[in-house]
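Multiple structures follow.
Both of the next two complexes hold chain A, though its partner changes from chain B to chain C.
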Partner chain A sequence: MITEITVDDLPALEAGSQLTCSSAGSTHFDGALANIAELLRERGPVRMVGLDELDGDALCVAIGAIGGFGPMLELPPSGDEAVAAVRALEARLGRRVDAIVSLNASGPNAFAPVAAASALGLPLVDCDGMGRVLPLVSQTTYALAGLPIGPLAAVSLAGDVMVLDTSTARSELLLRSAMQAAGGFMLCATYPSTVDELAKCAIRGSTSRVVEAGRLLLGAPDRATLLAGLASVAGARVLGGGRVVELGHATRTVGARQYPAAPTSVVVAEPGPAGRMIRLEGQSEIFLAVVDGVVSAAVPDVLCLLDQREPHIVGLERVAVGNDVDVLVMPADPMWHSGAGLALAGPRAFGFPVEHPREEGAR
Partner chain B sequence: MIRKDVVEQLSVAELVQFGPLGQAKVFAGEELDRQVAGVVLVAELEEIRQCEPHSAVVLHGTAAQGAWALESALRLAWERNASCVIAPADIAVGNPTAQLAERLRVPLFVVADPARHALELSAAVADTDAARARLTARCAVLFGERGTLRDIVGVINTEVPGVQVALIAEDGHVLAGRAAADQASGERRVEVHVPGPDGRPWARLVGQLAAWSPSWSLTVRTVLGLARAPLAACVGRAWLRPVQQSASDRVLLNQLLGENGDAEAARAAGWSVDGTHIAVFLQVREAADLEAAAPRVIAAWQEAFPHLPLIPRGEGWVSWWTGAEGPSALASLLRPYLSATRPLQLAAGVGLAGEGVPGLRRSVDEARLAAAVAGRRDGETVELFGALGPRAVLACIPVSDVAAAARVALADLLAAPDADVLLAALVALLDCAGSTGQAAARLGVHRNTVLSRIERIRARGVDLDSPEQRLALHLACYSLLSAH
Partner chain C sequence: MRIGVRLGASGAEAALAHSGQVLAAARRSDGGWRGLPALVRELAAAAPSTVDSVVWSVTELFEHALLAVGPRAPSPPPFTVLPAVPVASLLVLPRAPRALAHPSELVRSLVSWRGAVTGGHDLFGSELVPVDLDAAVRAATEARAAGLGTLTITATGASNSVAHEEAIAARLREEFPDLRIRLSGDAGGLGLLERDATTIINAALLTTAEDLIERCERVTAAVPGSPSCWFATGDGGRVSAKRLRSVPVRSLGSDAATVLTGSAVLTRRLDAHVVLAARGLISLGRVDAGLPMIAPDLAGKLSVRTVSPIPVLNVRGSAAEPALAAELRTLVGPRVVAAFDREGTEVADRLCADIPELVPMRSEANASAVGAACSEPSAWLDIVVPADTLEELQRQQHLAERQAMTLVAAAGAHPGSERVISSVATALAFLGRDVYRLHVRASSEPEGERA
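For the complex of A and B:
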């Protein structure tokens, strides 16, 4: 269990944060990270606590950004946007916030809460609400347990502060419109909840897992050690591996038009005459792995591409025909495998009318 | 609804052939011989799990959302032992999908409108008899439009799915089609006899079925039966026209080469009468039935030399080249033709060049003599009169009669235990005009051996020194050796 995040942990945090992105991106956020490093150097390490270490009625808010990677690269967040958001939410709630939790500790949202905790001088709780990247703010175990997303506060890079108090579904729509209008990026403080409320639905140890996975990605001496390490840290297994032979955008999905991305298809061919064909379908993230026509893995389990030569995640935005990759599967938190969990974030939620492999196993 | 017996089903290939899938793009097309029991229109992938085996699975709606759905459908279809999968054309079928179809051996068709195809397929599958009747009718129409053996057999090979057909002559020679068809045996073999234009058995039409059912076998037999008449007519045309023509040519040639050579009629017939001619005479070895051999000889000739008439004359056929290079050039032209008439064995003789009608008359006689010499040899041979010289005279000798007489006249000599050796020595001595030295060299023995053999020949009552006897003796020996 990691008890504090220091400046020296940032590289591992960044590397590990890509693992649970489901290959949503392998972009480096050097500007944002430099700002956070500056914060941590100035204010010292961020204290990380388990939920059990806090009082049951301590108030937590989930910190996470919504938007695209592009705006974050053009105008890197300074790291203290969260102060404005949390202060606005505190004013709305009439109560001080006691600790920061992560909306989802993956991708850039793995380090946004670290910056928030540092800037606010609050402890960071080692948990999150997704255990991976999902496209909607409402696709969380928090929401699954019935916690309301609001009231919530969002801050743009231009300094706009917005407080929103409505249903979870409408919040999603309004927040996304505001984010578009504000330039494509907003840092949000959502799901204001007590520790007791979070205890039953938070995915624990998320940030620690990201850091440990990141250390493996940065430091494992060879592929075997890396894969063994990821298996023990995140339950990752190799679904198959081979060469990328086809990229396409021809997939159509049913109904799922609310997602901010276009369908993408990647085909990995295993070597040799008996090699299987692994077709990966997704949008920003990989949602489905179809091996020789059999749905072998599906969202909300994490599917990602790991370069076979260099230990790094290959994002969908830069995967190319000819890449040699391993296809990794990491099981989602058991909460996601419940009927309600799969309804919210299973393959059908993304327009793929198939059963999750775990549903089939149960049949 | 009457439940159709399993064996009465159409195959995937028949569905392609009969229309519903004819325009579809096909992947894994090697596996078209499966039978189709029914058609299932599938809107959701899960529905494939309920398909009966041997279904044609038609995808639409969410079951056809993209390559991943198509691949899942192929897999499920494979698990249910479906006969084929039919997908809408708006799915781009890439290499990986095509490879999966091939690996699973599930034929995949891509069509513009799957729902409409499902209807047509259902209709075709439900009414097998109608589909097969259409096939038979279609073949009958196409047979009528084709004019060669190869084209007629080709109609069956291209139109009738899952069937390979060959037209095989009575001697086992493949005349047209796919030789592999003849390897079929048992119920997968369908065979009909094809009569020649003379009504006698001429060839067999053999079909190999990839899949068997009683009614399908019957359909194929019907189609093969339908091909018989066009095939016979086709070969009849090739045979009869030249044979009729040659009968009138025979009369014309007699007029031309007769005492008062009538060149005008020949000219009017388009024959080349003026100029330098070299005649060719063909004859069939081993006194075969000339009437029976004529169509094949003439048809093959017309194929090889379409501009030259081949005219029956005596025991063979005559033709001639006008302004040709020379007899030996003609010989090399003729050799491929002689092999083309197998199994008939033909001998050819080529005369010397001659000017005008008299020259042609002489050249024809020379060619006939040369052909007679060629006929004494084995295999297909061409003899040039110019190379024979007076030897040609020998061709006119009735060898078997002379040999019979010689066996009586030289009975003592032939009774000797070493008669063969003595006869060879005698011929050598006569050929060498009595020179024992030359005869020894020719036989490859010492002169003394020849001398001792001469003594033994004399002892058998043969007088070598009488000039009156020598020609008779020489002829007797020649005939005995030739008749051997």
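For the complex of A and C:
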């Protein structure tokens, strides 16, 4: 386990954070990382601890952003947004926060908690509540265990601060509305919980895994070494690979807007006469892989596109017809494979009328 | 009938081409600018009919001008160029960023003064905070006091609303009529730092470009038949001399673009994976329909992301040759290898012996000069649009495609030859609104394909 995050770890943290994004978003956050690097240079490394190293009644809050990656490219967070959010939450709770946990150590939400811990001078707990990216802030193993999302606090990039104290379902709705009004991004302090409460539902070692995966993505000498390393660190396997031959978008013209995303599909054609067609269906991220008509992998397992030439993840905001990619699949934390886990974040939760390959009927 | 000329550290390489066929080639490693008229006249004399255009690939000279400002200035090429001129840079954000300096070392070296004032819009075009014009005047006063004559302004959200950049520019033009102002909104594209880098590099190169382009124009004008003067761009296209004076940044990456295009032309493989081998490096790129595969936001040779697209090149050390060979064996379709020096030739020979399908590029002509000669006017659009229905998305895409083709026509394309190369819409993630990023690439049909 990694015990501290330094400035030198940021490139690996960024690279690795893409792996569990299920190809959501873009592939670089230079501005945000420059600000966080400055923060770490000023304050020193962030101490990273395991849940077991803290007192059972220590209060933790989950730091993570809601909203798009695009707004972060236009207005990179300064890194200290969490200070306003956590102070507002402490005022509401009447208690100081003792440690930071990650909402989900994926994409920019892998380094937002590092910045928060640094800016607040608190330890970062090496765990998260998703083990991947999911579109709703309520789709967490924290919520799966019954932990309430609030009271919560959120901060916009313009400095607006908001405290919400309502049910998990209404928090999601209200946060989404505020996020849109704020320009598509808000940093949130959510799930105020004790270490004892988190111990039963946190996905442990998440940030360490991200850094290790990132080191592989940045340093593996060749593709074979990279794939073997990702298999070891994250259980990744190649479902198939080939050229992107089709991209599709279906804007939401009917029905309730349950998710903050537009449906997207990507078709990858394997080379050669025996090549299979891999159809990937998703929204902001990839949810389902259908290989020659058979569901071969599904959310909550992580599906992502790995560039066949360069060792980086290809996000759905950048993928283009003609890209040569491997389709990687990584198993989600076992908590997600329970009945309740699949009900909250399995394929049917996203409107796909299919069973997850691990479900009884699908075998 | 066209002449392509590549200028670089090893001298000048030129090629005469017509309808995708190379008719003659010449090179000159000495003489600098003074040797160029004879080189170009030599090719013009070999032309069976009038030369109607000369296309220059000058990336390496611009790169030299940029790096000449920094701490690791390279040795001067045989063609003297004026170094880039550092600029003042103003960011417009709701609050000053913790790291005010740009993350790119190159961009930092081009900025002699940097400040931030409040203002900016969100991705949807809504104002985040009012713009502080008085602070902008104070900032410009500081920059002027530091002796800087050019100011770049990059506002967050300028990809969708240039209101704050324009408001600041209008106020500063009143206060400082002689201040040269460049706005990031003119570069377009998503990403504050990418637009900022593009605007700064562009502004820093304006004086270099003026001098360099004038020299190339003089050489071109001396060719019989008064050919037009063009410059190769990083997207695999070309722009007029007049246009490049305003946007020299578009020239960056043209070396890679022209060499990929030229390799495709010389091997007659217009849809191929292309291996470039030289000086301890092996690069793998791709051409489709004779045009290089490109993308925006790539760090490229100068390690700086800009909004200008450049070729997608996977660059590895020569130690990666066995891994590359294994990869080449798995690739489907034509594969080409081009070598540029003795070491590269050895690599190419080994790869060709190992992989029989690999086509070696063997030509006396320089691939980059050939690629420059065969380039066509082009355009690239990178815009963010809302679209609540599929019909609206298609309408927006259609509008963007028309706009891109209009830009190609305005860039001097043969009438009726404009075509859309690619048009991609990708949904921006997790915004809760149907917002799409549109990338449209357009070009003129190649000379040889026109009726």
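Everything that follows uses one rule, which is that the second predicted complex is superposed on the first by the 351 of 363 C-alpha atoms of A that agree within 3 Å, B and C clash if a C-alpha of one lies under 4 Å from a C-alpha of the other, contacts with A are read in each partner's own complex, and residues count from 1 in each chain.
FYI, contacts are C-beta pairs under 8 Å (C-beta built on N, C-alpha and C of every residue); 3 or more make two chains touch, one makes a residue touch a chain.
Note that this is a predicted model, so its numbers are computed, not measured.
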With chain A superposed, do chain B and chain C clash or fit? fit
With the two structures laid over each other on chain A, which partner does A:S22 touch: chain B (first), chain C (second), both, or neither? neither
Which angle, to the nearest 10 degrees, do you get at the Cα centre of chain A between the Cα centres of chain B and chain C? 70
What is the contact status of A:Q139 with respect to chain B (first) and chain C (second): first, second, both, or neither? neither
With both complexes superposed on chain A, which partner does A:V267 reach: first (chain B), second (chain C), both or neither? first
Looking at A:S102, would you say it contacts chain B, chain C, both, or neither? Reply first, second, both or neither. neither
First (chain B), second (chain C), both or neither touched by A:E285: second
Once chain A of both complexes is superposed, is A:V354 in touch with chain B (first), chain C (second), both, or neither? first
On chain A, which partner touches more residues: chain B or chain C? C
Once superposed, chain B sits from chain C at a minimum Cα distance (Å) of 13
Both chain B and chain C touch chain A; at which residues? 250-253
Interfacial residue positions of chain B with respect to chain A in the complex: 44-46, 62, 65-68, 71-76, 78, 91-92, 94-96, 99-100, 103-104
Listed in rising order, chain A residues that touch chain B in their complex are 245-246, 248, 250-254, 263, 265, 267, 269, 277, 279, 281, 288, 290, 292-295, 352-355
With touch defined as at the start, can you tell me which chain A residues reach chain C in the complex? 24-26, 28, 30-31, 33-35, 37-39, 66-71, 73-76, 78-80, 135, 157-159, 176, 179-180, 182-184, 221-223, 247, 249-253, 257, 260-262, 264, 271-272, 283-285, 308-310, 315-322
Chain A partner, complex, touching residues on chain C are 93-95, 97-99, 101, 103, 120, 122-124, 126, 128-129, 156-157, 159, 190-194, 284, 286, 288, 293, 295, 297, 305, 312, 314, 320, 323, 327, 330-332, 384, 387-390, 392-393, 422, 424-437, 439
